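Just so it is clear, A, B, C and D label the chains in written order, and each chain counts residues from 1 on its own.
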């Protein structure tokens, strides 16, 4: 587990776990948690590549920064939406919010 | 003399104009009474012109034919000019047709008196005469085919004249469809000959074919011999259909549904002879292929024999005569088939005479009695002496009683058959001659001798003058018809002056002997006043049954071919509606069905969508990997690696 | 003279169009006025087309009465109209059929205004196709000719009209997709990027492979309209459910559009393709003839019998075109003309019989000749022409087609000749089942044709005989039109 | 020392992160799931530290652990009464989802394993925060502004969405109830306005 491989493996597994969370959780908020994990995994990747390969350029950092901003914004909006859904539907069970079916 | 040429065109055109005029009158239902006079006048004038031409030929002028033709259609290599070409044969036939047609029309005035479609009847008759003359005088294959079909449709219209009778309408349809079978072959023949030789006119076709015969030109696809045989036999196919030869003879007996004068004109003398005339007119083509002649002879022999046997057991007077016509046509075909060109044509001429006579006589009997059934007739001799005597003349001519017309022509045919070495055909011919003698005398005796067997036979009365005069004229023709070719061979000299057949005494002796035995046997069986049961039925049952159901040919066609064709029709209609249409509707249904299945995928579950997205990404990555990496990195590698690592081993 | 010479074709195309527009603005309750406007609009085309036929000077030949107005220069589209021998004959046919059609639809009661307007739109589309020499306009008029069919059958039809209307339109649009592909590919591959037929014909040397594929596209596209075998099922349904005038136009003229398209665009511009696919076309045509005849035999509905007979006769037309021989193609155009008149007559008779006896099931009919002698005679003449009896136009056309086909594919010609027996069988079958035989009492109130109805059937029947007896004027006219094509002699 | 310590630290932090991630995803009680997020974020922050990204170490702790986690916990608290720990928190398709994630994980790890990646280079002595600052103001000012706009939009959106006294036509009736309660959050027994009311009945414990 030297250097970059290690980081990438960790981020990959974290991404997989986050994905599992998104796909299986009943509760919308838990789903959001899964999404947060996936974003963190992505940030780890960026920084790992930055540290090992492109440490003189600051582009990866900008990416990570933007990533985190997006995560924050997304969490805020997501939770607001969830609360709204909660008020309308009375529950935030993902499988019950299926008004948009064919 | 040249002025005379322009008159030739009027031979077919005059009756045509008469037909059009009377047709319009019939449609407009006005002055139908005048219709017969117009048509008879037209026919008589055209008869006069053709007789004048015939007289000139008999007068021994060097000219062997008079021809006039005009350009009708031009489309690239396809050029047609219609015309009139009166060779000796054509002139003879034109006179014959004109004579018989006018006599029949005169006769019909009496016969059709008071019938609903009076004008329409004469219009059809005139149209028939016009197209028959057009056929006779034609100088090219195209006009021959055109008139051939017109004659067919006239026979359809005339057989189905009383169209409100279902049997008449069926008979008309049957007649037309069966002759149409023959016409398919005829058209193919015309197509082959005209496209190969590049023109329709007879002499051009004959010249080119003679070159083919001597191998100067190589026909496509076939070898010369087969090409000539195929072309000749295809033309003959048309004759088989039109002249009711075996196996397409089934329509002629049913054609008796039409008025009797129609049967006399069309189904005895003229139209059915068209096939024989066509073979005679195009004889140089047939001469080039001995195989074709052989086939013609054999078909003629079979037809003669079968039709004769069937005629024995018929009880309807017109059916007997119909089968006798089929049999006599067989004789003419034998004549032409064995190379006796003059004999065939001579028999055609005499047959036209006495068969028309017999039909008209039968017509006057039916007119008087109101029924065709021989079993209800009997003892009419005293009631209708003229009809009886003229009918006797016709019967003896048909039977080939020495001295009468039939005797000379039939013997000449059999003589040529014997002298040209066709002994088997000769034997069949003689045998049929005997049978012909038997059934002809049987007819006369059942109708005229003995005691009347029914009320209507009791008070039958003689036909009016307008009907008996044509009978008498034709009876004279039947009596002295033989003079046409014996002792001085007028027809022989006319048709091909070169060879003079000498009478083959052996053939004449044999056929006369057999004919007389036939007559005697009929006399023995039928010349009794009382006749409880038709003596013919005492014949061995199996024989009687085969003759009675017309040797199964008719059955084969009606419930065999006809039903089979109709079934195919229904099957194809079903196939079209369910399979071809089904495919179209199926396609429409499939769109709907695929729409419905895909709809189930959008089920509103966000997580399901996420999963589908991930799978799609995986597939895309795998494809890209597959495409980018060298082939060894197939899907197997990652899975193998995954399995080994998860089980603890190291992949590398 | 030059004014007439220049604009006569545009007048022929536009006069029904204008009449249709006029109809739209006339109040619906003025029945008589509507009918007269329609008759005027349609009838005007008859004298004009006869004039065109007479004034077409035989020595010069080629395309005459040309009118070339640039429309969209950037795309190379012009309004370019002109007629050669073939188009003159077909324009004449269309004029005859539409006039007879308007007479035959004198009795249409509900919404006659819209019916006649749509009918006139349709016919102006057909005229447009026969005269236009610009592929763009060719396709435009082609669509105008096809689309009103949906409404005409869907609203005024009988039986399963919606189904048939939908099927017909979808089928034809499916076909026109192929045609559009063909036209656009011609446009892009031709060096000058033009839609003009003449320049394409003169200069367009397309590669052999290109010709083969694009000809196939045209063959399928136009073939659908011409009713080639596997793709023909729309036409019987379409005919059976369409009202009389519409089926007269449909079978009489619309199906000829398909054949004309294959001839003018397919064989005209892509001779290489035509020669490669000639045998396929011939084989399908033979199937058409025999298949159509057999299925006509199996039908029990009068209109379906006539519909399948059209499929069979269009087979003869396609056979003529497949022969690629001057006589064969000439015969094909003659057959188009004669079949157009013949089917027009058939459908007029069917309309009359249906109107008076309210049934089309031939098993229930019988002996109508006693009460309708005039109609019976007209039907008999039509029947005789349909199985190619000499002295009717059907014969000369079929004979030339068989003669021409004999030079290219004798086997197919021999098979197709059998068709004349089958046609005779089913024609005589319906003649006997409907008109001959004992009179069926339940139709006691049958009456013969009235005054206006007489016009349509007598004119068409007389024409059949006239062309049969004297075909040379038409044949010479068509021969002039054939110079442009590369046919094998 | 550095190398082995480095890898040991990496292993440890990795284990922490992954373990807490699994627990976040698996635990029945959502609040526990929320709590397990904290070690996960801190583990990630540690990784950043290992990668000498000190600025991000700080940002991670402050923002993720501080802001987002708290936000999530708030949301959990607000919708707390709906959850019932008895029924399993995962929906029906756990097995197929698990297989799918396994495949994704393995594929990623496989591709990592099979590409030769350099190990982290010599010790790193840059002042990373200055570098980012200059980059943000200098070359990458546009992304910076975009990020700010994004946050603004998110903020305003969240406020609008979460507002209670909106008088939307279809939720008039709920707004009425909510207003008198003052809390802005509807009581659990509220009449659901959407299509299938009976659904809610059976869900409630």
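We take it that a contact is a pair of C-beta atoms (placed from the backbone, for glycine too) under 8 Å apart; a residue touches a chain by one contact, two chains touch by 3 or more.
Everything numeric in this text was worked out from a predicted model, so none of it was measured.
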Centrality ranking, top chain (CA atoms only): C
Counting only C-beta pairs in contact, which pair of chains has the most of them? A-D
Centroid from C-alpha atoms only, then distance chain A to chain D, rounded to Å. What do you get? 6
Rounded Å distance, chain A centre to chain C centre (Cα mean): 69
How big is the gap, in whole Å, between where the Cα atoms of chain B centre and where those of chain D centre? 99
Distance from chain D to chain C - Cα centre to Cα centre, in angstrom: 73
Pull out every residue in chain A that's touching 2 or more other chains. 19, 23-24, 94-95, 99
Can you list every residue of chain B that touches 2 or more other chains, as numbers and ranges? 607, 611, 614
Residue set of chain A touching chain D in the complex reads 1-10, 12-21, 23-27, 29-30, 32-34, 36-37, 40, 43-44, 47-48, 50-53, 55, 58-59, 61-62, 64-66, 68-77, 79-84, 86-96, 99
What does chain D use to touch chain B in their complex? 91, 93, 96-97, 100, 103-104, 106-107, 110, 113
Contact residues on chain C for chain B in the complex? 167, 171, 230, 232-234, 236-237, 291, 294-299, 308, 326-327, 330, 367, 369-370, 373, 377, 384, 389-391, 395-396, 399-400, 402-404, 406-407, 410, 413-414, 417-418, 420-422, 424-426, 428-429, 432, 435-439, 471-472, 475-476, 478-479, 489
If you look only at chain B, which of its residues touch chain C in the complex? 27, 72-78, 142, 145-147, 149-150, 153, 156, 160, 163-166, 169-170, 172-173, 176-177, 180-181, 183-184, 187-188, 191-192, 194-195, 221, 565-566, 568-576, 580-581, 584
Chain B residues touching chain A - in the complex, by the definition given at the top: 599-607, 610-611, 614
